[in-house]
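The first chain written gets the first letter, and so on, giving A, B, C and D; residue counts start at 1 in each chain.
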Amino acid sequence: METIINPVVKVDAAFVYIIGFSLFLLFAITATMVWFVFRYSRKRHPRAADIRGDWRLELVWTLVPTLIAMSMFWVGWSSYAGLRNVPDNALTIETVAMMYSWIFIYPNEKETEDELVVPLGKPVRLEVTSDDVIHGLFIPAFRIKVDAVPGVHTYAWFLPDETGTYFIQCSEFCGVGHADMTAVLRVVTEAEYLAWLETEAADE
Amino acid sequence: MGSHHDTVGARTGMWLFLYTEIMLFGGLFVLYSAYYRMHAQAFISTGQELDTVLGSVNTVILLVSSFLVAAAITAVQRSQTKGAMALLTGAVLLGMVFLANKYLEWGHKFHLGIYPGSPGLEDSPPGRIVFYGLYYTITGLHALHIVMGMVLLIVCIAMIGFGRIQKERFLLLENCGLYWHLVDLIWIFIFPLFYLIL
Amino acid sequence: MIPRPWAVSTERNRAIPMGETMSNAVTSFYDTPFPARFRGVWSWLFTLDHKRIALLYLGAATFWFIIAVVLGFLVRMELMTPGRTIMGAETYNAAFTLHGVIMIFLFVIPAMPAIFGNFLLPIQIGTDDVFFPKLNLLSWYLYMLGGALAIVSLFADGPPDTGWTFYVPFSVSTQTNVGLTLTAAFILGLSSMLTGLNFITTVHRMRVPGMGWLQIPLFTWSLYATAWVQLLATPVLSITLLLVVFERVFGTGLFDPARGGDPVLYQHLFWMYSHPAVYIMILPGMGVISEIIPVFSRKSIFGYKAIVGSSIGIATAGSLVWAHHMFTSGMSDVAVFVFSFLTFIVAVPSAIKVFSWVSTMYKGSILMTPPLFFALCFIYLFSVGGLTGLVLGAAGPNIQVHDTHFVVAHFHFVMFGGTGFSFFAGLHFWWPKMFGRMYHFKRAYLSAILIVTGFMLHYVPMFILGLQGMPRRYYDYLEQFAPGNFFAGLGALIMVPGLFLMVINLMVSLKQPVDAPADPWGGTTLEWSVPSPPPLHNFIERPRPGKYPYDFSRVRTP
Amino acid sequence: MDPHIQSYKKLGGVLGVLLVLTAVTVGVSRLDLGSLSLGVAMVIAGTKSALVLLFFMHLKYESWLIRGSFLMTIGVLALFIGFMFWDVGFR
């Protein structure tokens, strides 16, 4: 089995690339601006030059930002592609959103409310839909977010590569209980997961 | 202020207003195109429930009334006051016939229990509900425009009578005419999209 | 006694025989009602004078701005501590919805075109009024009617709680008074459309002879580009809102998935208007900055044609990127690809503008004044807003930060840091022209510094909150988001007093006698060649536009 | 202002063509053209509207501003519909 690349890595790299470039540009613009205001203040520079433009310069600062923008687009897009291409062996869990809770349905028909338990190291595909209005499934730790639209099936996938507890939130405004529409994601070892799946399924 | 004598500018303003009308109906055609893509079969089968004869008659009515309005401008330009008023009156009457047909058509559908939220419609396949939703929205909005257009034409008839619209001064008639033609124009697209769809 | 560092004389001023005190010699539009038969308050309510209508808008928009600021302030105070702080969840939802609706439809969209546009566009192109003065007044009444409905919905039982986006199916199923707010937005859209219609016709038909397309001042150019967007995009919103009303009243089922409808199509229609609307909001602001920077640098704008071109480019390309609000909506991946790509394309013309403004200052002769200070703040804040827009435009990162506080911070940097600050800049720039009075400089600077400081403290933590994953429109939040929200609240506590100081400073200036000269800053566009405040018909003699609107060679410090 | 006067005969001729085209589009709709039928109907509707625009609405005699901006409006609408299909067409 080939190793699965965690899309979180690529998304974070895209963040770093774009924000880094942006900070640099912001600093350059601001510093230049402040320097000009200081250097060419009316006290120091009483007579302005008459410069109305320079097509070479304008061409440069049209083309260069275009290239930068294109590179950012590509970085962003390829990280998105990682979020969309689900590995074949993914564990599929049905997710139904409703005002104001999350229902997760496992392959063995087991249902949980506001608690998603997944095994470590196995990619998980969430099939998302909604019962009433539009909600948004948002797991910040895995950089995934997808709207739960009534009548439509959307999906998202993630690679739980570390055990622990993460939070799930609703990202699309859905009414009074919007902010309380949270759930817990527990990443456990495969053995724990299997045990959990069996025992709790028997309970209900 | 000088602008009051600039008929080209005033007509430009009217055209700009027509663009907003085009985009208003355009939003509905955006929806139509998307839903046609999603429910092509249902659209085709439901379209056959509409009365093609009535739709065709209404198309002819609007085309003729458009012609009458265009001819009325020619009449005004030639100082044929009576003729212009007669032509416009004809157009208004045709507008009434159009509305009467629409009333019959809607009334018949309501009689059959097909209207938004009706039990008869709620049980049908999704595409059919959407088709009728669009049908009622677009034709209803269009009928509303017909009514407004008729009011404008009636104003024009009165203005011709008072001598406020005449050979050298027919901007109002031109602009009202433009509105009427636009309503016709929109129908030219509604007709095949709803009545002739196959 | 006010310091008068701005007092300059230009050759053109001297060419007009009345000189610096001409504002006293010419009867201003304040003393000349139009139509002349109306007196007192009627001379305002029935006025056909574009300048009076502009001031009517200014009064109303200021009122709405204050209401919306207070609502936003309350939202932030509620979020300052976790759990219930000052209001319940229903009230909170209504507060942020009305904050958004009022800010967007009653302030940000109409403010710049309706106030500065109405006042200055005819003067900048050398004419005496807009093409359709009656329509102009009608626009104002529609604006007031829409505003009145918004007020009613504030107090009607169940103020709307959908957010300003009115997403279906929630907006169809909620029991609150959404219909009223939708109607208000519909009417306000009509008002905005008619203003756009008026401006396009005016620019085409009423430019003073001798003013070709490349002699039009950049502010008017930006209004012209905006007007087309207003005209062509607004009807799409109108029909969309109407459809939601139909959906609520008749149950047409057009967006109901149970009946074959598709809620995602609503989002398409909504953003087909509402994304271009972002450019309706920001383009005139860019125009204001393009006027201010050259005047205080006493130097021609760098790349006039590039700025004109980028205004048109932004208006065009900006109309085709709407779906970048929908990357998580379940839209096709192809659409994500295309709309992400187009979003990056639209970043380029904005970048061109920023570079041109900064270059304008190169080798200029820069005089610091409150308008310039606000304009420089604009460039900084707008750059932050624009650059964080790149993060949002990139498909992968967008998924993480969409619908989080990152978005809230981003669009406030653009809408408030951008449109808001350019509005403040324009207000300080044209205040002496509009009212004939100069305001207190030090208080203006102080207010600007308070606003910017508060602004940064208010919104920068939201970027971090968003990256950490705090969604927007949350009444309550997880423990780890507490510090960021607390700092944001602190920022609001600094920013809001700054805003009030600015408003009060301007208001106080109205008590002084009319004393501003026609051209206090040394501007070159036509509005500086007429008295402050201008007479009813704007120009005493027929204006003679120069070959180039930003020729500062004749402007000199004495 | 507008010196151009269109004769009744010409307007009547235009109406005649419009009525013929209406008949044609109804007739064509009876034929089974499969997926083409919508396209044919739209082409006929487009022709009809062009006639109304050019003659009844005098677009033929208007300035470049009105003609150009009309085309722009239609273009914008077409782009809105077309670009939406990046989503609807690929879902």
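Methods note: a contact is a pair of C-beta atoms (placed from the backbone, for glycine too) under 8 Å apart; a residue touches a chain by one contact, two chains touch by 3 or more.
Since we're looking at a predicted model, the values are computed, not measured.
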Top chain pair, ranked by number of contacting C-beta pairs: A-C
Rounded Å distance between subunit A and subunit C, as computed from the means of their C-alpha atoms: 31
Averaged-CA centre spacing for the pair subunit C and subunit B, given as whole angstrom: 36
Inter-centroid spacing, subunit B versus subunit A (mean Cα positions, whole Å): 48
Of all residues in subunit C, the ones touching two or more other chains: 204, 232, 236, 258, 262, 264-265, 268, 272, 333
Per-residue overlap in subunit D, given as positions that touch at least 2 other chains: 65, 73, 76, 80, 84, 88-89
For subunit B, residues that touch 2 or more chains besides their own: 8, 12, 16, 19, 22-23, 26, 30, 34, 38
Full enumeration of touching chain pairs: A-C, B-C, B-D, C-D
Touching residues on subunit C, where the partner in the complex is subunit D: 204, 232, 236, 264-265, 268, 272, 319-320, 323, 326, 331-335, 338-339
Residue ranges of subunit B in contact with subunit C within the complex: 1-3, 6, 8-10, 12-13, 16-17, 19-28, 30-31, 34-35, 38-39, 42, 116-117, 122, 125-130, 133-134, 136-137
Subunit C partner contacts - residues on subunit A that touch it in the complex: 7, 10-11, 14-15, 18-19, 22-23, 25-26, 29-30, 32-33, 36-37, 40-42, 45-54, 57-58, 61-62, 65-66, 69-70, 72-73, 75-84, 132-134, 136, 138, 140-141, 143-147, 149-152, 154, 167, 169-180, 182
Residues of subunit C defined as touching subunit A within the complex: 89-90, 93, 161-163, 167-170, 173-174, 257-258, 262-264, 297-306, 327-330, 333, 336-337, 340-341, 343-345, 347-348, 351-352, 354-356, 358-359, 361-368, 376, 379-380, 383-384, 387-388, 390-391, 393-400, 402-404, 467-469, 471-478, 548, 550, 552-553, 557
Residue ranges of subunit B in contact with subunit D within the complex: 7-8, 11-12, 15-16, 19, 22-23, 26, 29-30, 33-34, 36-38, 52, 56, 59-60, 63-64, 66-67, 69-71, 73-74, 77-78, 168, 171, 174, 177-178, 181-182, 184-185, 188-189, 191-193, 196-198
